[in-house]
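This structure is in structure tokens; I'll ask about it shortly.
To keep things simple, chains are lettered A, B, C and D as they appear, and every chain counts its residues starting from 1.
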Amino acid sequence: MAKQKTTVENPYVPKPYKILEFHRETSDSFTVKADMKINHDPGQFVQVGLPGVGECPISICSDSREFIQLNIREVGNVTTALSKLEQGDTILIRGPYGKGYPMRYLKGNSLLIIGGGCGVAPLKGIIDYAENHRGDYKKLSLLLGYRSPDDILFQRELVEWKNKYHLQVTVDKNTHGKFCYGAREGFVTDALKSMDISNNNQAAFVCGPPIMMKFVIKSLKDKGFNDDQIFLSTERLMYCALGVCCHCMIKGKFTCVDGPVFRYDEIKDLEDG
Amino acid sequence: MKTDKNKKLKVGVYGITGCSGCQLSIIFNEEEILDLLSLIDLKAFPFIKELNIDEEFDCIILEGLVANKGDLEILRKLRRNSKMLVSLGACACTGCVPAYRHFTLKENYEHLLYKKQEELQDVEPSPHDEHVKVDYYIPGCPPDKKEILRFIKGSVRGVLPRPHQNPVCIECRRNGNACLLDEGKPCLGPITTGGCNAVCINGGFECWGCRGPTKDMNLDLMIKMLRDRGFDDRFIQDRMRTFVGLKLPMLERVMQGPKSKVLQTRFDGEKKFYE
Amino acid sequence: MSKTITLNHITKIEGHAKLNLKIDKGKITTCELSATEGARYFEGIVKGRKYYAAHEMTSRICGICSCAHVVAALTAVEDALGLTISEQSCRLRVLLTLAERIRSHATHLYFLALPDYLGYESALSMAPEYKPQLQAALRLMKMGNGIVKLLGGRDLHPVSAGVGGWLKLPKQEEMEETGKELLKVKKDAIATVKLFAGLKQPEFESDAEWFSLVDPNEYAVLKGKFASGKSSFEKHEYRKFIEEYHQAYSTSNFVVKEDRRYFVSALARLNNNHRQLSRDAQKALKETGLKPPSKNPYHNNLAQAIELIHCIDHAMEICKREIKQEEMPEITPRAGRGVGAIEVPRGTLWHEYTLDEKGIITDANIITPTAQNLFAMQEDIRKRMPSLLKKKKQEIVLDMEKLIRNYDPCFSCAAHFLEVKWL
Amino acid sequence: MQVLRLEKKRLNHFLNVVKKGFELIAPVKSDLVRFSKIHHAEEIQLTKNSYFPVKEYFFRKEETLFQFEGTRITVPAYEAKKRVFFGIRRCDLNAIKNQDIVFIRDMGDPYYKAARENSYLLGYHCNTAPSPYCFCGSLDLVDFFDLMFFDKEDHFLVEVGSEKGKSLTEKYQEFFTDSQRLITRNEKTIPGVHRLENKDISRFYDHQDWKKGADICLSCGACTTLCPTCYCFEIHDEVKTADPVKGERKREWSSCQLQEFTRVAGDHIFRKEREDRFKHRIYHQLQYFKEKYGVQMCVGCGRCIEGCPTRIDFVRILNEMKNGKTENNG
């Protein structure tokens, strides 16, 4: 096997990046800060991997040109292997990929951010973005739901968010009476229902487990939101992130290039199971 | 990384009733076996080792099925002593040919039963997971030797290879074989979990289903197709049960059910292959 | 002084066995060698199946000699069906059998037997000092596996051999390539003979007779009469000579011939057929100084090593022959009884099937080499014990294990379970 | 484009000469007809289309994307074997064109590109449909080839389709004479290949007849493997036993007919139902690809029907949907 280095740009080949910071968020998730200096939109994702283990898509949850932050939940091989890393280790990343949230077109609006569980990760990108462009948007409302107080992500940031924005955290079940960050017991949907909010100059961003998204959309529509005011993040199996391998295709749309963020009216007919 | 690189995975390879073929499949990785040993801490492998240290294991790889009381004792003990139990081979995963005894007439083997000492008393031939929890399966009779390697290489790094779920046909077609069903032969590839690289079909033989049914099999259709090719129900049952009968408890019901009778399939090849 | 020695799980053999020894005041009161492998009743479960399932199912009796069971079952079934196979099919079956013998001998010699002699607990722990030897072993194993895979479709439980012929023939180029590979590993076989000839073997003489197939045309593999130096008989008459009975402490049967014990093995073949060995194998034999017939079972290892050379030579010859495309024959089932007796790594293997007119198996009988040797092994142990009694228990155990491993027993095979006779 | 003439009796000679400068790949009959490396031009058969498509020479069954040692990555040299393909039919040529769109134009896959750049496509025009399942006439196939051979009794008319093709005819000019004519449209149509009547399937998504196909589908993936256009894949890492930090990342074929195709962590499967998967394949072929790239992906070779163990004829199912004929299938 005569192998030689080639100079042609190869879309499959990731590059090594250093981990600047490794922070454990919850028992099964962690945040990694890598020294990848790129331009990207909130909601875009990268393919993160380790040699010999594989790659997986992870949303960028920060907004900076100096580094990227990734919040990762341990669910399988790649994510578990990543969880064993520490500051100073090297990971392989390629990207960014996908279409993020159309923040520029939403200038002048209020932003309603609704996240469930690990779905909060991509949404943090919007929060950071809005913070960096504070003048461009009116009110920021955050509605974040978790299963229990132990699952609450970004606890380091929550205090700041609480001071700056309208923040509501819910937990499905309050397991040990530790009511931090003013969290309420109940589902996000309930909190949404009781929220005094209208669709007036407001865009809603939803990310979370499929069931949660379904009910949140219903509530939003009850509150008068139009389909084109709602933005969703979708998740599918993907290998290439280049719009070729076809695993992430939802009725002809590729999650990796046409998504992962879709406006609800673009994909409401696309659910194919 | 935080993992302690000097702490190797403590592995034990054992066999209960079986043909030793699965354990041989490990050794028969001729080019990699010596390297493999540097990856793990092989505490026990009685098949080729005199000194077998019986203690807490990280991973036990166990061949063979439960056929007598002694087997059952060993299985339970190994399960207690290990973080992870891996069933190696068809006997361990599905019962293989020895478990076909469940489907044969008692009179066929009755005369072979005889008085045995306590620990040799027969137990209904059964795969591991009928008795204890199994963490990982490496199916096949024999198991694919590369698959065993892949498993070991993965588990030392904490990566469990995704178990195969696709039918044998996927690999068979990829290997460029002509489809045996088109020649009227009774191939079970479509309902059998792949991972064997379709070795049997590559070798000119039909798949007998040794790696077990896929979760997604269309059993109704498979039965119908075999009937179309002139195979009677006795044949279909016998063939499907040879290796994995215990994992097809629904077979009889499906065969008697109405569905496979109405499906409209097309077969334009030769009828009847055997007889 | 009384001593009890129980070897509960004898290691480095195929399958599971144990040895029970009781010595009271210098006298052996109990000596039981037994298979503890679970009974699998193969002869029962093939009953009721069609003739073409016999080899596929009985192959699962044993991993290391799966080709042997396949070929023996096919031979027996074809015998019952009155089918004659082509010369080429027969030749390829010989090659398959030889290939299996190469890998089986290499595995046994280096992985199971050698550590005893060199004072290691296993071949794996020999690796630092004996890497070249182990690599030679792995090359030989790979060679055997490669041929089995080429002919049979895979390394274990081959699939390409079918009733009446080959479902898929190897390509001419592949055969030629194999021939070249064989030539390359021949030096490893020769080195193996040297290595084993250099090992010190205990002096011991067994009382058993040595039986193997004997074929006037070649070093017998698939054909011939079952014979020792003294007697010989046709395969169809085997039931007249071989009898099986059972002991409650074992899941394997014991076999004796006319109430006298006998051995089948590589050494038996060498004893009976050494004049038909290939030239280089004869040469190697001569250099070792071993003069067949030998009554010392410890010489079985050396016999296996010499067979390695012979098998490689014989296999190379077969690889030179042209491969012609042949169709599988049409088969019409008929009633009948057929016997297959072939030489396999551990000795002579017997398969017998009775078919009804639809081709359904109504009766089956399988006798493996280890089952035939079991009784003789046990009696050898009994005979050898007295000379060891003064030694430490540890040493006795080692000696016993060494003796048992010398026969290269396979309890997976033996405990597929045969027929019962109450004792 | 220019049209040349090659005497039939000189074809083998021509190909044997070509074989000296290139690796020659053409359909051969063994147990089935398949594209393989040609040793003597006499082996080639042109009566039946190849059972397996030619795609595996470009979009290989398994491709090593790169090697790694720790986080250091080495990309293998892209393959540069010069190959002449002979006897590719119109459908397969269009399939290559469609895969070119995906792999070269859309994403710039260097492995595919290298294999394609070093290949010469010599087509063979079907005078009749080579299989009863063909329906290429119903799809908008175009001329796409380096050279196309039209079979005319005792000679071939060879249409030049590209600069590459032209260079070949110049290199081997002693075999060709000028034909002094052009290939007519009529000569390019193939009789009996207009089976598909229902080409716009967008309004049939919820039609009950999909079940007809799905019920007799085994999800064996033969259809996607045999399809000359299907291109989905998976990526996996493999490490060396001697040193697990070394290894390679590999790409291999996959199939949308499998449950595995959309199984994600937590064992959630997006297209769990056989019907959804079956439908997905047909929609990707006839609709989604067109939405994205402007042409249908399917080229009408009929392999997915001929190679399907139960011969699910999706063309018939679609036609029946359009004609409102819902024959009861149980």
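Observations, loosely collected:
Assume contacts are C-beta pairs under 8 Å (C-beta built on N, C-alpha and C of every residue); 3 or more make two chains touch, one makes a residue touch a chain.
Just so it is clear, the structure is predicted and the values come from calculations on it, not from any experiment.
Seen from the C-alpha centroid of chain B, the farthest chain centroid is that of A.
Overall, the chain located most centrally, as judged by its C-alpha mean against the mean of all protein C-alpha atoms, is B. Between A-B and A-D, more contacting C-beta pairs join the chains of A-D.
Work out the mean CA point of chain A and of chain D, and you get 39 Å between them. Between chain C and chain D, the centres computed from C-alpha atoms are 51 Å apart. Per-chain CA centroids place chain A at a distance of 64 Å from chain C.
Not a single residue in chain C touches at least two other chains. Residue numbers of chain A whose C-beta contacts span two or more other chains: 52-53. Annotation for chain D: residues touching 2 or more other chains are 239, 244, 263. Working note: touching chain pairs come out as A-B, A-D, B-C, B-D. Those residues of chain B that touch chain C in the complex are listed here as 15-25, 27-28, 30-31, 33-34, 37, 42, 45-52, 64-68, 70-71, 96-98, 100-101, 104-105, 108-112, 114-117, 119-120, 122-123, 125, 141-142, 145, 199-200, 202-205, 208, 235, 238, 242, 274-275. Note for the complex: chain A touches chain D at residues 1-6, 8-14, 16, 51-55, 75-76, 79, 90-92, 235-237, 239-240, 242-247, 249-252, 272-273.
Those residues of chain D whose C-beta lies close enough to touch chain B in the complex are 31-32, 34, 51-52, 61, 215-222, 225-226, 238-239, 241-242, 244, 253, 255, 258-260, 263, 274, 307, 309-311, 329-330.
Every residue of chain A that touches chain B in the complex is listed here, in rising order: 52-53, 77, 80-81, 84-86, 89. The touching residues of chain C, when paired with chain B in their complex, are 9, 11-12, 14-16, 36-45, 47-50, 52-53, 56-57, 60-64, 66, 103, 107, 111-112, 115, 121-124, 127, 131, 134-135, 138-139, 141-142, 145, 152-160, 162, 166-168, 246, 248-251, 331, 333, 359, 401, 410, 412, 415, 417-420, 422.
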